[in-house]
Amino acid sequence: MKLVTAIIQPHRVDEVRAALEAAGVKGVTVSEAAGYGRQKGHTEVYRGAEYTVDLVPKTRLEVLVDDADAASVTEAIVSAAQTGKIGDGKVWTVPVDDVARVRTGEHGADAL
Amino acid sequence: MKLVTAIIQPHRVDEVRAALEAAGVKGVTVSEAAGYGRQKGHTEVYRGAEYTVDLVPKTRLEVLVDDADAASVTEAIVSAAQTGKIGDGKVWTVPVDDVARVRTGEHGADAL
Amino acid sequence: MKLVTAIIQPHRVDEVRAALEAAGVKGVTVSEAAGYGRQKGHTEVYRGAEYTVDLVPKTRLEVLVDDADAASVTEAIVSAAQTGKIGDGKVWTVPVDDVARVRTGEHGADAL
Amino acid sequence: MDSGNIAWLLISASLVLLMTPGLAFFYGGMSRGKSVLNMMMMSFGAIAVGTLAWVTFGYSISGGGDTINNIIGDPLGDFGMISTVESGDAMSIISAGFGATFAIITVALISGSIADRAKFGSWLVFAFLWVILVYSPVAHWVWGTGTAGEGFDALLGAGGPLFADLPGPYDFAGGTVVHINAGVAGLVLALLLGVRKGFGKEPMRPHNLPFVMLGAALLWFGWFGFNAGSAFAADNWAATAWVNTTVATSLAILGWLLVEKIRDGKATSLGAASGVVAGLVAITPACASVDTWGAIVIGLIAGILSSLAVGLKYKFGYDDSLDVVGVHLVAGLWGTLAIGLVASGAIQDDPGLFYGGGISLLGVQAAAAGVTIVYSAIATLIIGLAIKYTIGFRVSEEVEVSGIDLSEHGETAYEEAK
Amino acid sequence: MDSGNIAWLLISASLVLLMTPGLAFFYGGMSRGKSVLNMMMMSFGAIAVGTLAWVTFGYSISGGGDTINNIIGDPLGDFGMISTVESGDAMSIISAGFGATFAIITVALISGSIADRAKFGSWLVFAFLWVILVYSPVAHWVWGTGTAGEGFDALLGAGGPLFADLPGPYDFAGGTVVHINAGVAGLVLALLLGVRKGFGKEPMRPHNLPFVMLGAALLWFGWFGFNAGSAFAADNWAATAWVNTTVATSLAILGWLLVEKIRDGKATSLGAASGVVAGLVAITPACASVDTWGAIVIGLIAGILSSLAVGLKYKFGYDDSLDVVGVHLVAGLWGTLAIGLVASGAIQDDPGLFYGGGISLLGVQAAAAGVTIVYSAIATLIIGLAIKYTIGFRVSEEVEVSGIDLSEHGETAYEEAK
Amino acid sequence: MDSGNIAWLLISASLVLLMTPGLAFFYGGMSRGKSVLNMMMMSFGAIAVGTLAWVTFGYSISGGGDTINNIIGDPLGDFGMISTVESGDAMSIISAGFGATFAIITVALISGSIADRAKFGSWLVFAFLWVILVYSPVAHWVWGTGTAGEGFDALLGAGGPLFADLPGPYDFAGGTVVHINAGVAGLVLALLLGVRKGFGKEPMRPHNLPFVMLGAALLWFGWFGFNAGSAFAADNWAATAWVNTTVATSLAILGWLLVEKIRDGKATSLGAASGVVAGLVAITPACASVDTWGAIVIGLIAGILSSLAVGLKYKFGYDDSLDVVGVHLVAGLWGTLAIGLVASGAIQDDPGLFYGGGISLLGVQAAAAGVTIVYSAIATLIIGLAIKYTIGFRVSEEVEVSGIDLSEHGETAYEEAK
């Protein structure tokens, strides 16, 4: 199995989720993140003192998939999350030894 | 070494932590997450306008363990987090090349 | 490629980020976490009722790097984050099968 | 000079000034976290430019001194309010201040209909002009000359058929001048600026409901000065207004929650806070015209009507973001008309339809509301169009998405974790 | 009619009405983030149904007009407060309104003992009944008839041995009627509903301490109307009450913080806010009976006593969630009894034990407190049981865990990040 | 006894007491999330110990009764305020209470300059001593004896060259006593405690801007009691003060936003809230000396001056964390001097330079400011040094980094997610 992790723009979450559902993915874990990268942050001014915010808010998605689906899930995310602007994010895949479903204790592909 | 990641119900964190301690695990990293899956979200109504919240709050635990302990730690988490209801979450294991302890610069099993 | 994940003290983020930039790393993903470990938490008292907070706030950094850079990036993080006090955190490396850049759809090292 | 009356006016004016920051929280809490500051700034900005507009021309226009054809007060009649301040007459001086607070809250109310998308500078210009060109004349017609009837007759041609020799219209604390006026202006601006990106699709839920409750509480507290202060004395009119304000507002909470419970299954805190405001609005014109039963009826029905009316915007597709129409226009109209139905005749002279009066009071109330609606709509539209086609009124879509707080004010509201 | 007195009553009534939203923040901030709205809604709901209960029957029962065997006012004596409102007497009218605000805050106080677990509808029913059946009769005994002594004597049989020919009891602004009464009712409800899941094990810490501070501040501000307004005139009694209120409250802060510093090593903001309320409660009955030294003693000891008393619930196992007992019952009792000790005799006639009076005043104060405790406990229990065994009073355990805001009101308080 | 005046003083005193919790939010919102409670506790602590200091010695020192060489009131002249309270004179009693609220807010203002780094216990000691040794004497010189001139002359030797036979100085509500005094003390403490770790490097942005707005709103509302209450009557002076307060504050908002818009490109909500306070400060001494035009000028320039002055600390390297100097000292000085320029002469006798008076009024105003600055600086320094070298004034660097809320109070402000 594989774990596909995506760092995307927060306002693309709904589109990506729809794409994943269309691709037959049944579950996703989502969390908040922030990123540095090519994308610029912004400046805030409080009583004349500048305050540079260079972390840009991002959303992290994690999807456990069968080995065979990793590539297609990655493509689904990339195309749904793409706006073409700098800061669209990354998607990466790592190998997973084992998955268990807490509710049932099932392991492997059954646990997805 | 292995990294065991668990997505569990937030109100089971204390039980899981106790189980990990019992299993001899010395450290855990915890973060907030939210999940889509079989579990349903809920609806909120604001001045008559419906607002569907389909992300369910979850807690993510990450535990670095020796290869030999991965399976037993997974079982410890599964049994401590289990309520038997849909939405109990997942536990997965990925291989780790190396671990370092920041304080000392130690590597490998010593760093745990 | 590798994914280097670091759990560090929140107040060392700026130093680590500077060290990563110096090491030529172009992007980082940051998120909030909390940890149990050797480091002690603290106690708060509300109307005489004690409330033990044993989760200590930490910051998680994730950096995707070429295989060759994993070790040097790890060292850069360790030395920048180190204060020598208990609770400085961990840095670990996991293998990555593939990386994609959302904006362009590029894969592999080009996507970093 | 009666020091007790002065004391009551001093504190009433202070209370009404507090209403606008109260509104900032009521509206701000309902906004999204990325636009709360802009929402609050529209209220604080309304205080700043509203005061300036009032002191310069507004007070003179609204006043009853020298008039232009009896239609409006001479705009330069007391420029700077200098002659009032130098008169040394405490009641005149504090009444001028009291008037400023009414002008301010009225224009601030409008901002709820254009949440998240108005340029801050354009809003300031709008608020300044609106106080002078819309609020002040209407205040003159209703309050500036003895009775509202005279004012409207002057507007429509003296001795005209509408109000002469008829009772009323009555508007004790501002059902027409404040709420119908602001409600109509809100509708016009919502239409002029257009819907927000995602309106009707994305949820845009309130980001901080305790702030909404805080705002409702401060509004209620301040509203005692608004309604009971409009007696311009610490007397039985003020006391009656106080009691009716409390009774109607309590019942409006129950009315709103009842609708929610029946329709959605749950009584919400947003509903309770909204009921507070709907009740306060509806009792405003009527607070010295009705007895306790009248207040109960007005409040209960205001809560029910407004809770149903806030859904209309989705049906008709105008983005009155925080329901200025559903709450202020609807409840303001209801309260104004209700006088024609349930005025007891005990305090003011003319009883309503159900209290043994004829239908004519209801007709007069409706006519007063109608005149206000027409004037407010036309004048607001002209000001709004002028701004739209000169300096522009609306921010870009990109700003809306990334958050107006950041782009218009260079700030984000919270950083609690650090 | 003295316009200065009317002005003071008008603003005092407004201030006391503001106390209940203040309480909503005081309690709401202490709740967990998943139940803050329900907590606040119990206060806002208390305003809505409390007003209705007061206007219909409560005012008549508490009043001193036609009575039933001198024991309570005729519940239909002034149904709808119509004859009061139509009297045209400003002081009577605003006093009726002032009375409503006392009924409201008293019942709202009780909600703190049943945080996170009461059905909202059941709470509304409870609040409505409690105002009529518990608050209003007790208010009648203490304030409805000339002096509290007469009222209690009527209750216990005229000319009875307890109060006839003795001084007092004194309760200027509501130590018995409001705080002991609410404190006892809170204890009864806490026992009736049972402990929350996790009580004594999970921490349940306050989710927003600045809100607690805000609530304490609004309570204090409003309490000036409560205490000094109870003079029903802008006179030296009111001025003395104002000063004593400020002094006692300041000292109670110091008292509470002192205990914390010694016992826990740290003086907390929750302690300061709690000290504010403990001090205000304790000085309430005594604010026109003592001089500055008396206020200092009452405040300091109130802070110390209440800071110790809030721990009792863990010892005895009742889940008085936000310490209605530890703060209102304990400090209310202390203040009521303290009159018997440190009343100066300068403003009211009877000095306390340490000011040259005998022990009898203390005895009378204790007796008044005792009667209130017994009546409140029994009557509250009956109402509570009736609700429990008909419509039910408590939500399910699942609702408690997932959060009462969501299940009872369909809302969550915050979404600041969006 | 005029009940209207008493009513106005009762409510004014209540309003001014509310200012200090308002300040807690104004300052607390500007703090970081890890030190908001400590910031708020400095205000609440100021209320507690400020009241005690006032009741014991402060009131007597500031009063005009028995004096020590005419320089200060006899510290034991009315120890415990007992003889005032027992006088039964409503105006005297509530004036003593009104005075307490001024002492409290003045010392609380200082806390803004030492955010995030003062030991709480040391702060309490400082506040207690400062009220007695700094606030109360200065209050005596300016207000304790008929006119400020007499007071200063007594201080500098009776019949001295500075104030005898000259007009003024005028300080209606506390430009010198409150704002210059607190501003100077803030500067001294900021220098004494030193800069925070990360000052000028780390951003330390406000953690909750709506709280800052809330604080500004409560301050403004309370300030009506402060300024208009300083008339000690509900009269034309009070009414004029009310109007001028509103006008100047509105203009100061515009002034501050204008500077921001020009300099930074964006008008911020923090700027609007800061403008509110700058305007209120500047009009404080002058609120009964100027007409509307004067109020406009004073307000506008106050907003501009203070918005520029808050940057000075980065230039000169003192960590006046929340800008007590930039706002209170600068705007307080400006308002005090402005009387010499734009006093109209209509209400008070002496017109300013631009209203046909000579330069002498300006000179006298400057001299009064000067005396206050010198005395406040020296006396504050002595108290500060005494604390620093006995019990210590500053927390450790580790505490600063981990957050002073946790280490000094054992609490964290928020846990909204649970």
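Order as written gives the chain letters A, B, C, D, E and F; numbering starts at 1 within each chain.
The working rule: a residue touches a chain if its C-beta (ideal position, glycine included) is under 8 Å from a C-beta of that chain, and two chains touch if they have at least 3 such contacts.
Because the structure is predicted, anything quoted here is derived from the model rather than measured.
Undergrad: Expressed in steps between touching chains, what is the minimal separation of chain B and chain D?
TA: 1
Undergrad: Please tell me the distance, in whole Å, between the geometric centres of chain E and chain F computed from their C-alpha atoms.
TA: So the centre of chain E lies 34 Å away from the centre of chain F.
Undergrad: I'd like the Å distance between the centres of chain A and chain B, where a centre is the mean of that chain's Cα atoms.
TA: Roughly 17 Å separates the two chain centres.
Undergrad: Between chain C and chain D, what's the gap in Å when you average each chain's C-alpha atoms?
TA: Centres of chain C and chain D (C-alpha means) sit 53 Å apart.
Undergrad: If a residue has to touch 2 or more other chains to count, which residues of chain A qualify?
TA: 31-32, 44-46, 94-95
Undergrad: Counting only residues that touch at least 2 other chains, which ones in chain F make the list?
TA: 2-5, 7-8, 11, 205-206, 208, 214, 264, 266, 268, 270, 410-411, 413-414, 416-417
Undergrad: Got a list of which chains touch which?
TA: So, checking each combination of chains, I get A-B, A-C, A-D, A-F, B-C, B-D, B-E, C-E, C-F, D-E, D-F, E-F as the touching pairs.
Undergrad: Of all residues in chain B, which touch chain A in the complex?
TA: Residues of chain B touching chain A: 2, 6-8, 31-38, 55, 58, 60, 70-71, 74, 77-79, 81-95.
Undergrad: Given the complex with chain A, which residues does chain D contribute to the contact?
TA: Touch list, chain D to chain A: 401, 406, 410-412.
Undergrad: Which residues of chain C touch chain F in the complex?
TA: Listed in rising order, the residues of chain C that touch chain F are 11, 42-46.
Undergrad: Can you check the complex and tell me which residues of chain E touch chain C?
TA: For this pair, the touching residues of chain E are 203, 205-206, 260, 263-264, 266, 268, 270-271, 274, 307, 310-311, 314, 323, 326.
Undergrad: Write out the stretch or stretches of chain C touching chain A in their complex.
TA: Listed in rising order, the residues are 1, 3, 17, 26-32, 64, 94-103, 105, 111.
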